[in-house]
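Next up: the structures, one after another.
Each of the next two complexes has subunit A plus one more chain, namely subunit B in the first and subunit C in the second.
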Partner chain A sequence: MWKNFFNSRKNIIFTGIFIGISAAYLQKLGNPPNMGICVACMLRDIAGALGLHRAEVAQYIRPEIIGFILGSLLAALIFKEFKPRAGSAPLVRFVLGFLSMVGALVFLGCPWRTLLRLAGGDGNALFGLAGLIVGIWIGIFFIKSGYNLGRNQRTHQLVGWIMPVIMLGIFLLLIFQPHLSSGAVFFSSKGPGAQHAPIFISLIIAIAIGFLAQRTRFCTVAAVRDAILIKDTYLLTGVVSLLLAALVSNLTLKQFHPGFQGQPIAHNSQLWNFGGMVLAGLAFTLAGGCPGRQLFLSGEGDADAAIFVLGMVVGAGFAHNFATASSPKGPGLWGPASVITGLIVCFIIGFSMSDLGKKQMGDKK
Partner chain B sequence: MKDNFSVVIFYSNSAAIRAESLTKKENLKIKLIPVPRHLSSDCGICLRFNNEDKSKIEKILQDGKVEYENIYRI
Partner chain C sequence: MNQNIDVRGLSCPLPVVAVRNKLLEMEKGILEVLIDTGTSKDNITRMAVNEGWKVVVREENGEYLLTISK
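Up next, the complex of A and B:
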């Protein structure tokens, strides 16, 4: 019976509603505004806490990320879906993870935060959402042209456990907060990095989300992809539920502030809100899922998804060190250049790993 | 009368799309759908067809050199 419970449309709706309400309440409990949950921002904060970048306002080990992976692991173990697998173009996935983070940090949010920003009244997120859809649409063009990253292989049990163990490791750093002479572990004393809900509440909510998302395959990018590519709206109903639930919760909690100016952790350079998310959307689609989904897949043993996540962490370090990440003042010095470069790289990957490239290189028989 | 369906699961979404275009050329009644949850935790897409067309589908996939993981009745 439990197997079927997670199968139907009402469960994806329930998952969307649960994430939407949780995000609003995590914000109420201390997480940054319109950022109750944001996979990109939270991975970025973890990168900062580990010292991979020096943006002093964005350093914290976010227990939500840890919970997503452990919740998915738990669900996969209970329902016998923990399948260690690897070997589907890992380096390409690393690059796509890296670029998706660069794009997301130009906009300032992952697809989840795009929805949460909308639900908080941030009109700038409309441009991010439009960019996301265009990016996914370009990705679909490549999928239709035969783009794929190749098969993965079943592998040793140990491989599937690496990511969950890393999560346990950084959880210990969060709990004990050791201070080395280098300054690590870094925790922000001001800014968004200093804003957080109580650790165990965040962790438990995130474990529940990871569990539900593993069961229902909740994914924002595949939701748009399936709606366009095969006219299927199963995943999309979950995404819409998330948006509506967060909106209603924000209205109830008086966290809804409509407008374009002065929105929290956002800027109103619309071209780059749009452009950043075109890059992110394309990179997610080429890698097969949104960053949340990549975390849940990491939890059920997918080492390729884990590589994507690590690419995102390194990308976050790069984005802040090399001034490609935006701030509330606007895009970083090298933000626009990074988006254009990233798009060129994604197009090269899309072309060369699809039939388009094969024809040109003459290796199609 | 209720139709009896099976699905072909592929290793990539591109393969599913290729299979769709190959089978459509043969006028078979097929549809791309998300992979049924009980078959896989992947969020990919698969090809659904009427059971009676199974041998034709297998031949088309073989002739078109489309690699697939498995065929399941649903």
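Up next, the complex of A and C:
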């Protein structure tokens, strides 16, 4: 009975509302503006804390990421869905994770933050949302054309525990904050990286979100994808609930500031807000889900999803080290070029790993 | 004769797309689907029920056998 309890429309709506309210309150409690939760930004901050990039304003070990994975692990263990599996084109998934982060950091946010920016009144996010939908739509074209990364295999229990153990490891780094001669672990003293809610509140809320999202299969990318591809609006109702709950919470907390200019941790170069999220949306769709979903899958033992997440972390390091990430002033020097290159790579992946490529190359299945 | 399809190991949304295509092709009859994740089991069940099919789920050794009929 409990298994079915979570798989109903009212529960996906509850999950969306819980995430929306939580995000607004995490902002109230100290997280950066319109960034109560942002999977891409938070993975980027973790990459910074570990020294994979040196953007001084984006370095913090975000307990939300740790909580998402541990919450999902908990739910998967309780409901007997912890199934270690691996081997579905892991290197391609790493590349897709990398590129999705590059795209997200040109826009400055993942699909979750796209919704939260809108809920905070940031009109620039409309262009990001449009880009995200176009990216997903292109991904659907490849899926309809037989795109397939191949089957995974059941594997040793240990494999499924690697990502949760990594999370426990970085949680210890957050708690003890060791300071090595290299400067690591890095913690921002100014900027968004220095803004955070109390650690244990963030962690507990994130564990609850991870638990609920694992049970309800919450995914922002699949929400749009399934509505278009198989006319199923189950996940979309959750996403709309998130948006509305965050909007109402922001209005209540006086965190709603409508406009395009001077929006927090955002720029108004609309072409690249759009383009960045086309890349991110396409990469997420080709990998099977939004970055939040990849975290939840990592928690239930999916090592391919974990590889995608690690690709995002490395992508964040690259994006800041190679000036592809945007700042509130606008796109980075190599931001536009990285989006175009990323889209070309995604098209090559989509083309060559679908029937389109097989027909062209005479590669029979 | 019952038709069957094995979607184990495929990542989302390929299982639900494969089953949906098969059901559209069959129009009526019985389709047995072998699944290995709860997510695919939920997605396929929801899709099939929404499209007017009856679904019976059997769980064995952490895998699911769905019998979809119309």
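The rule is short, and it goes like this: the second predicted complex is superposed on the first by the 364 of 365 C-alpha atoms of A that agree within 3 Å, B and C clash if a C-alpha of one lies under 4 Å from a C-alpha of the other, contacts with A are read in each partner's own complex, and residues count from 1 in each chain.
Keep this in mind: a contact is a pair of C-beta atoms (placed from the backbone, for glycine too) under 8 Å apart; a residue touches a chain by one contact, two chains touch by 3 or more.
Keep in mind the model is a prediction, meaning the values are calculated, not measured.
In the superposition on chain A, A:196 makes contact with neither subunit B nor subunit C.
Look at A:44: by the touch rule set out above, it reaches neither subunit B nor subunit C. When the two structures are aligned on the shared chain, A:113 is found in touch with neither subunit B nor subunit C.
By the touch criterion defined above, A:53 reaches neither subunit B nor subunit C.
In the superposition on chain A, contact is made by A:153 with subunit C only, not with subunit B.
With both structures placed on the common chain, the touch criterion links A:354 to subunit B but leaves subunit C unconnected. In the superposition on chain A, contact is made by A:222 with both subunit B and subunit C.
In the superposition on chain A, A:85 makes contact with subunit C only, while subunit B stays out of contact range. Of the two partner chains placed by superposition, subunit B and subunit C are both touched by A:234.
In the superposition on chain A, the residues of subunit A contacting both subunit B and subunit C are 3, 7, 81, 143, 148-149, 151, 217, 222, 226, 229-230, 232, 234, 288-289.
Taken together, the subunit A residues at the contact with subunit B in this complex read 3, 6-7, 76, 81, 143-151, 214-217, 219, 222, 226, 229-230, 232, 234-235, 288-289, 293, 300, 354. Contact residues of subunit C toward subunit A in the complex are 8-14, 16-17, 20, 36-39, 42-43, 46-47, 50, 62. Partner subunit C is touched in their complex by these residues of subunit A: 3, 7, 79-81, 83, 85, 88, 143, 148-149, 151-154, 217, 222, 225-226, 229-232, 234, 288-289, 304.
The residues of subunit B lying in touch with subunit A in their complex are 11-15, 17-18, 31-34, 37-38, 41-45, 67.
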